């Protein structure tokens, strides 16, 4: 024994030295690793902060929609647009807090999440806020704070509803519109969200929609299209011979400002949809996404302006501005997976489709005041398919997603609009419409001190 | 000897092995800790960056106030509002640099800080900027860069002054207003700040005001109220029978844009008031704060619109927009400590108080052009008390804070306004007021090419 | 041998213990270092995110320029300004992607970079995005993601082109302007950029221009000045006796909003030009830069308002707003190296020069609609020299930079404008100019429903 021990003892120190030096090398290396990687808690902070700051920019898109729409309608309906849009954002924020988020993200099965009321921080987060340091690791393990994700998802809901507002402007009743907004943001949008971002059946099939060409923009577009069919065109928009009367924007500066605000907000919309910022991978991908977003929009403007000469007979600013929106919508499904030159093509094609769509709707006598259906629905479908064409997503699955979301949202929205019409009516009276919703329904004119042109009404 | 050695040798290596392996375990664990936590310097960067980026959004609130106010006044006074607001932000930024910050934060005793001129980076920071790496640890130990904090605090000062501008619009003289702004931002606001955020007597009592329901908004509101009393109502605002003449906003789009900008900026205002972002705790708390901020504002809009039907006889957009502001002001005292559902209640109650306050001021023949006193003072008081009701702050201390700040700011502001009136007058001439400050005092009209309605003047 | 071993063996364990304990102390210390410093990957994330978020704010400056310019021109030309500005940003973004960035930053020799087409992520980044974890270290070693830097540099290009748009408003033909924009953003600006930020000859001489007083603002100003000379003044701007006719802004609210947006965006413009955020040094420096930016602008407003009473005979809002821009341009060359009180002086002097410059241009019968040359060129030159006077840069080198950039940009721009004039003409017809570009060239009026004052034309 002793000999054995002794004989073992001797070599030990040497081996020990080697082993220990090697062992020492590990911590010497590990700190380097630690220095190289982002710590878990720093990752948590990055992810959370990205949700908050990008989410704040997405919230500002509401101001963008408000400006775009209130400058696009005739002066006599501009205040109503302002009211609707601040109402949309408020209602959406409350509805999504009370039921929407749970339906979309909590315990999602194949088609729907939980029917619980209210949403809030995790219990570990509440413990941490109450000073329990022990809850830290469990909080950090989640990757981001629960409410930062809620905040980011919430600002998306309002976007979908804003799209509807513009399409139906100048004739839909305020309370009817708010009722639809409530149902859209509390139920319709969250159900589509559960299928996809919530992890439901479309997500399991591999449906690719990075930031919502379909999930946000087409949803808004389908709901708007259903509303357009139920509500009908504005008085005098289409002449007896079927031609459309021009209804130029009443305040172009404000429309342009709105588009710039939307463009800015879209950096949050797409950039934040990376859903993480705690690694070089996420930072590289987020950069890729922002560059594609900008290239898609820029190409959309140029393509729309170029084609507008052919389609409209002149270089049309309003078409160019819609081209920016269409470019942005188009690139939104796959900005993370397509090459930069593809972003240019996708945005340009989206803008061309939008421009042609503006004409098509007129031919079909569908009255979409701001061009929301071409810009958000047509470009949204194109963008979703383009993620397959240019980005390697499955074309079949993308088609399934487009069709399933379209069928669900269009049918349900149509029924809801019809039900609203059967009960409280969707449309203001002929008198209010001619007078304008501002004076007739709201009692606040947008520019009460300015002298306006008398409006001409044809005999129709 | 050998035996001894051998006998020593034997246990030694073994214990050594154990000890060393245990010892090795420590560094193996520590890097994990290092990987889990945010490094000290990263914390410094997070904290500093949060001040800068949120501070930039708060600065943008100046644009929000400018739009809200210039759209609310009659066209003939809109340019003057623009001038006043860019002046406010400039004067506030210089005054706070030259004296304000020192009074508020440097060597604060119980009631006041230092009377030094100018503020600047710490000497360690200057050393670091000059390339002295040795200064790093001392810089980092401060937790954030000095000037990032200065920047964040500076943008708050301007907010307080902006509130006054709206209330006194359309009749206060430009230079008198600027003089008051200078005194407010150099002395009055910093003294209240020293009592509270600077660590003075109210802070020591445990006064809770997270982002300034009292410290910023009520201060502005009290100063505005004092000004309203000294300056008096606009010509013709109140008829001989005591009823108020309606003075609708002249540009509703711009008012709405202003409110959206303020809402956006408030994410910086409240989110940045976490004053830190370098830990999961801070990130979770900041998320909590942003969600409460948004819920409070959304509830404010909905509550104001709902009650406006009763109070005003119609769904009033201007009341709804003020509801957003009131909701935001109300939640600002305790967004970190109240539950989310409480944020809804607090915002809604604040908006109701604001709406009733608008009526009350009219009854009292106090002419507050944009409703700044109801939205910032009434809601500010409510929010400060609500932090006790819903968030566990001491109700008594909150009351003491509200009263002390109110008494100090109102009395000093009243005296300052009186002194200004005794010397250079606070009010423009009757002629300038009727003509409008834009043409009469400034020489630049807001919309010189547009044809405006002739204004009706009653015989009063 | 054994004895030797044994004799060695004895002391060894003890020494070993000491050595090992000391060795253990190293990793114990290293994790502390790791905890204190920002990890390499976190640095990468910070740097990248700073480019993205500040870059987004810089993009918003396009909205600021659009508002500033479209509110400054007469109503009849406001839509055209909107179109030009959304066109500028789109064209600049594509041109810089296709050729500009490569010319400016890739393989820059002394005067110019690479003539390659398109720009994209590094191959390591593409590998990382494709899931190759092995590419991480190489990606991280770059310090920031390639495309985040591209994004940040791209938004700067658009700024330079926006400056030209305002100066030449109300008479330059749309397509001629877009052609110039394309050449400016694809070639002229990138070449100057290669000399400086790209590492070329001026950079090697030690030219200091932190965020572009010369490289962005003077480039835009020189190009504008060349255009003004070629295009000539607006019809009726100068009377036969040589005096200038006042052309007041048509929408002051929008001009003011534009200036606030520019001020906000400038925090990104200058703050992001730190080009890094991954250390306490960078965070401290970025704070310094933001504070100087704000002080320079605030001092610019106050100085311009003060001097406007003398120069213009009244406190002039438009001069005050231009003072903000001039203050911002002036501080842009050295916000990192000058003390805070110097920022006040630099901004104030820049604003005074700008105000005097407005008068000077009128005397020289140069028609610069928005004062772009005084605000961007005169203040840009001053700011570049002030970086020597106040910040320790070499005065001689700064002068060389100012002259070289000025000579190159002015001469090339002048030739380009002349060539455009010889081919497709730079100027709209007399008829279109009198009618306004909105109705005459674009077919969309800015405010079609509002009744406008009939314009007076003198006999000239």
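A, B and C are the chain letters, set down in written order, and residue numbers restart from 1 in every chain.
Here is the rule we use: a residue touches a chain if its C-beta (ideal position, glycine included) is under 8 Å from a C-beta of that chain, and two chains touch if they have at least 3 such contacts.
Predicted, not measured: the structure shown is a model, and the values here were computed from it.
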Steps needed, at minimum, to go from subunit B to subunit C via contacts: 1
Interface numbering overlap (same over half, different under half) for subunit A and subunit B: different
Distance from subunit B to subunit A - Cα centre to Cα centre, in angstrom: 30
Sites on subunit B at which at least two other chains make contact: 9, 13, 16, 20, 24, 27, 30-31, 34, 37, 39, 42, 53, 251, 257, 447, 450-451
Subunit A residues touching subunit B - in the complex, by the definition given at the top: 2, 5-6, 9-10, 12-13, 16, 20, 23-24, 26-27, 30-31, 33-34, 37, 39-42, 44-45, 48-49, 51-53, 55-56, 59-60, 62-63, 66-67, 70-71, 78-79, 82-83, 85-87, 89-91, 93-94, 97, 118-121, 125, 128-129, 136-137, 139-140, 144-148, 150-151, 154, 174, 251, 254, 257, 442-451
Contact footprint of subunit B on subunit C as seen in their complex: 6, 9-10, 13, 16-17, 20-21, 24, 27-28, 30-31, 34-39, 42, 46, 50, 53, 57, 74-75, 248-253, 255-257, 259-261, 263-264, 267-268, 271, 277-288, 290-291, 294-295, 297-299, 301-302, 305, 314-318, 320-321, 324, 339-341, 344, 447, 450-453
